[in-house]
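The following pair of complexes shares a single chain, chain A, combined with chain B in the former and chain C in the latter.
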Partner chain A sequence: MAAPGGAEAEGVGASPAAPPLPAEPPAAPGLTRGPHRGGMAAPPLGPAVSVVFPGAVSRESCCRFACELLKHVLYQRHQLPLPYEQLAYFCRRPSQVGDMIKKPPSVDLASKKCQQVLTDLEGMLQHLEVIFSLTLVPRVLILLGGSAVSPKELYELNLEGVCVGSTEKSLKTTSCVRKLFHSLFIADVFSELKALPAMGTVVMLQGHRDCGVEWFRPKLNYKVPTRGRKLTVNLSCDGDISISASAPSSTTSVWEDYVWFQAPVTLKGFHE
Partner chain B sequence: MDETAGDLKQELPNTCDNIQIHVEVHQNSISTAKKEDIRMSVLKLLNRHNIVFGDYKWTEFDDGFLNSNVQSVSIVDTELKLKERQPIDLSKSSLSIHIFHLNEEGPSSENLEEDNEDIVAANHWVLPAAEFHGLWESLIYDTEVKSHLLDYVTTTLLFSDRNVDSNLISWNRVVLLHGPPGTGKTSLCKALAQKLTIRLSYRYKYGQLIEINSHSLFSKWFSESGKLVTKMFQKIQELIDDKDALVFVLIDEVESLTAARSAFKAGTEPSDAIRVVNAVLTQIDQIKRYPNVVILTTSNITEKIDMAFVDRADIKQYIGPPSTAAIFRIYLSCLEELMKCQIIYPRQQLLTLRELEMIGFVENNVSRLSLLLKEISRRSEGLSGRVLRKLPFLAHALYIQSPNVTMKTFLQALSLVVDKQFEERRKLTDSV
Partner chain C sequence: MARQAVREQQGITLRGSAEIVAEFFSYGINSILYQRGIYPPETFTRVQKYGLTLLVTTDPELKNYLNNVVEQMKEWLCKCLVQRLVVVISSIESNEVLERWQFDIECDKTAKDETVPREKSQKAIQDEIRSVIRQITATVTFLPLLETACAFDLLIYTDKDMAVPEKWEESGPQFIANSEEVRLRSFTTTIHKE
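Up next is the complex of A and B:
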């Protein structure tokens, strides 16, 4: 079940009893609110964080957002004991001569689980890069626990409002990632939540029907679940965007040929 | 007598006109083609081959589009409607085409008590699942068990769909399958759920199968068990709330839950157990109001089940051990599989029971092996489906041990293993 705080915030986001979760981070200086926000899908249940980038964003950046959010959620929601980079650093160290002391079997098991999740996650990140290079990805879902249709927690990254531009004419990836996480930290979406047991994480994303991706499995009947705790991260662009960048469209017909794909591996969380 | 039979035969081709033919189209797991496009291509395919004899399955197609997007196109369950194998004119029958994707991920588990994560209270599948693919076809029964169940649930869902007033006509959405162990009750429940999800895919986007471990509903804390049941059903309720999902709740060995009440009267069961039964009964009454739920239960010992529960079940289907005819078909399917895997080599066509009957059981080169198989089937009577399905394996392990054998040698080994099975059984009962 969701944490009490999270459950309250759900559905009645405007309720004064809900914890102080701002629907949007306070506007940073120099940031203008664009007209695109109005064109986005109706805000779903649960807290939402909106980030507006002052310019076009490249596809590579979009991919980084998804990857970084995935890593962040896994760590923040207790599926990884350390942030991904640290975990990879400690666990993937080539064993030195001094390390050859026999470890108790429980440690072995934990390290096996750790290796497994690292391998799976690495594969996932690589395949995310592939699919982002093949197609526009309007939405990404990170589903924790339960099954893809009834997860315990759901994190949605909505990229429908993003103007995708060429790498040269877009904002720098690092600054965009920094801005995204700045907004996430200000919104303080993770601190209220109760610790979770280790469970499986499923990644789903929308891509074009004919993008030709092979690793992800199409789920033509999939529908975004309405149960469970949900956090939406809405990304959009504003400011001086050159014509060459593909402008976002609020009409649904454009997204009609975009179908859900599910990653064929479930990331199995573990505790130390 | 003969005349009437002849008349009947002339009548028959007409009777198969205008029957409902179900065509299941298994879409490739990586295919993203639109359902309408697939439907068009499948219709074209069926137009080219518009006469079929009974069930038929295409796995290779001339059409490039079908080849790349579809695993198989199968005409299914014709034997449930038609007593005999006969030509079916597809252009004259009404076709319902069901296109589905299989979900490859295994079951996910639900835990009830947050402090002990290890005890799994329920397994939960998203249907149609790859795990249950082909299960329905592998279940062989004599009577029309399968078509009864299918028709029953279809009617149930139709009544709910049309909002029939349940105060005037009551139906409960509870199916109870009972019978000796190993007759495939649980498998039948799972296969039924899978089948219905595919059949009703035009109405429900996906199916969910929740298999409740009934023992996990008994808490170690006194007076907590009833609450566990409520919690379990709350989770199920959440799933039911999704109107696009068809939810199947499978309670296996239901007697372990409901036998408790009579034992309570005898004073051998703590009062906590009775709360579980009561909670289950009230919860079933609660969820049966929803149109998109079916409760499937199985039991080995019907007498022990609480009457209050038996009353709630609309269909109480007895599943008995298979008859000779069914055993013959089970063996035939096993041998077919072994020939496919080239363990039995060279391939030899066996006759079905019906074909044997047509030649009057005359022994000749063609029918010899089939008659031997019939004889083995007759001697196997009394064995359950579960045992029958493992006999080919045992036959190979005990008497053959070589990577490929002829059909004749294999049947001899099978015959030996059947004898051995009965011998073992006798020894077991003697020693008790």
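Up next is the complex of A and C:
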């Protein structure tokens, strides 16, 4: 299959108003960083996909990365029968001529589950927008099945390496999202996995302890699970980025102010 | 008799393989047409296949066209005459070829002479096909939007000496210059590898 393509890179830079990311030593391939800790962390427990953007990205882009990855994981891991936007279209369109007026119980139940997960997911996406506007979010976890401390599968979005800039001086969000998913596609991280039954999905993310977010609940003692299948998606920025505005600061103590927050809603997957 | 019935369920014959592959093309082409917005979403309906929810057209003309192509494909696949199927997506206004979805087919011709079905479970084949279909869906996350109204053509590469059926015509490959390519996964029935 051939298609024209290529990421569009615009000017780079960063807003002086954006708080700098905590200082981190340069990452060696395959290494991840734990929360609240300086120095080097243990290697990731599973595959990792690294994406390097050729410039700064905006906070809105960071939020989009998290939202799109969540939707993508839910579909690829069989928690939604269709990608989110397509599911919303088909589940919410008015009944077509010829549709059954009375549906069998199984179809009606699936329809109710569909409506519920769409509502919950829409709420989740809106609240993700809020928290990303309140604080830098260095890590997002998507936890499938089991519990938040012992999931079946864990998808981690690592944003520690990104340089956050203003919308005007950052790369276009659509280009960055395409680059992210192109990398995921090439890595082919989902095809070998067995189909999953319908299960719950929990979302956790790190944010500043004083960011003032209300919907997400702080989990001060949370530790990233070490069991279960894990995929880490590492995002970082390269290229000509204004050092004064977006480079990490030299103090690692800033990480200590970041705590884990958990979404109060578990997204319930369903099969048709 | 029971043992034979089970073995036939598990075994793949040339005809059975041709049906599986032709059916895949039917669903695969429908998926491409939906995912790339070649036809409006309201002209598609949901069906269950390969353990997935797939979208297939309800447009009677398109359905008829695809059914005819699939039936022809089945016949050619049975005779191991087809090597490739290509979905070409072009701008209606400029005729520029924008995308090209190429499915290469390898046929094990020794299967023509076999009397015993080959052993590969339907489930295993279905799992592989499911991965391919999911990848087709996943491509929309990074492919550029097709912002112009588009049409599609189907090109089928066959053996050189084969007669061109009525209502078909010979065509060039309709390549894209300076294109970017991504590779999808493949599946195999042990007789046809796609």
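Rule of thumb we're sticking to: the second predicted complex is superposed on the first by the 214 of 272 C-alpha atoms of A that agree within 3 Å, B and C clash if a C-alpha of one lies under 4 Å from a C-alpha of the other, contacts with A are read in each partner's own complex, and residues count from 1 in each chain.
The rule is short, and it goes like this: a residue touches a chain if its C-beta (ideal position, glycine included) is under 8 Å from a C-beta of that chain, and two chains touch if they have at least 3 such contacts.
What you are looking at is a predicted structure, and each value in this text was computed from that prediction instead of being measured.
Student: For A:Lys219, select first, second, both or neither according to whether it touches chain B, chain C, the two together, or no partner.
Tutor: In the superposition, A:Lys219 contacts chain B only.
Student: Answer with first, second, both or neither: which of chain B and chain C does A:Arg209 touch in the superposed model?
Tutor: A:Arg209: touches chain B, not chain C.
Student: State whether A:Val259 touches chain B only (first), chain C only (second), both chains, or neither.
Tutor: In the superposition, A:Val259 contacts chain B only.
Student: Please work out whether A:Ser191 is in contact with chain B alone, chain C alone, both, or neither, and reply first, second, both or neither.
Tutor: It touches chain C, and chain B stays clear.
Student: Touch check for A:Arg227: first (chain B), second (chain C), both, or neither?
Tutor: In the superposed model, A:Arg227 contacts chain B only, not chain C.
Student: When the two structures are overlaid on chain A, which partner does A:Gly146 contact: first (chain B), second (chain C), both, or neither?
Tutor: First partner only.
Student: Who wins on chain A residues touched, chain B or chain C?
Tutor: Of chain B and chain C, more residues of chain A lie in contact with C.
Student: Do chain B and chain C touch any of the same residues on chain A, and if so, which?
Tutor: In the superposed arrangement, which is not itself an observed complex, chain A uses residues 1 for both chain B and chain C.
Student: Which residues, counting only chain C, touch chain A once they are in their complex?
Tutor: Its residues touching chain A are 41-42, 46, 48, 51-53, 55, 98-102, 127, 130-131, 134-135, 137-144, 175-176, 178-185.
Student: If you look only at chain A, which of its residues touch chain C in the complex?
Tutor: 1-6, 68, 72, 75-76, 81-83, 86, 89-90, 93, 177-179, 181-182, 184-186, 188, 190-191, 195, 272
Student: Quick check on the complex: what are the chain A residues that touch chain B?
Tutor: Residues in contact with chain B: 1, 146-150, 197-198, 200, 209-210, 214, 217-221, 223, 225-227, 259, 264, 266.
Student: Help me check something: in the complex, which residues belonging to chain B touch chain A?
Tutor: Chain B residues touching chain A: 29-32, 34-35, 101, 104-105, 108, 110-111, 114, 117, 124, 126, 201, 205-206, 208, 238-239, 241-242, 244-245.
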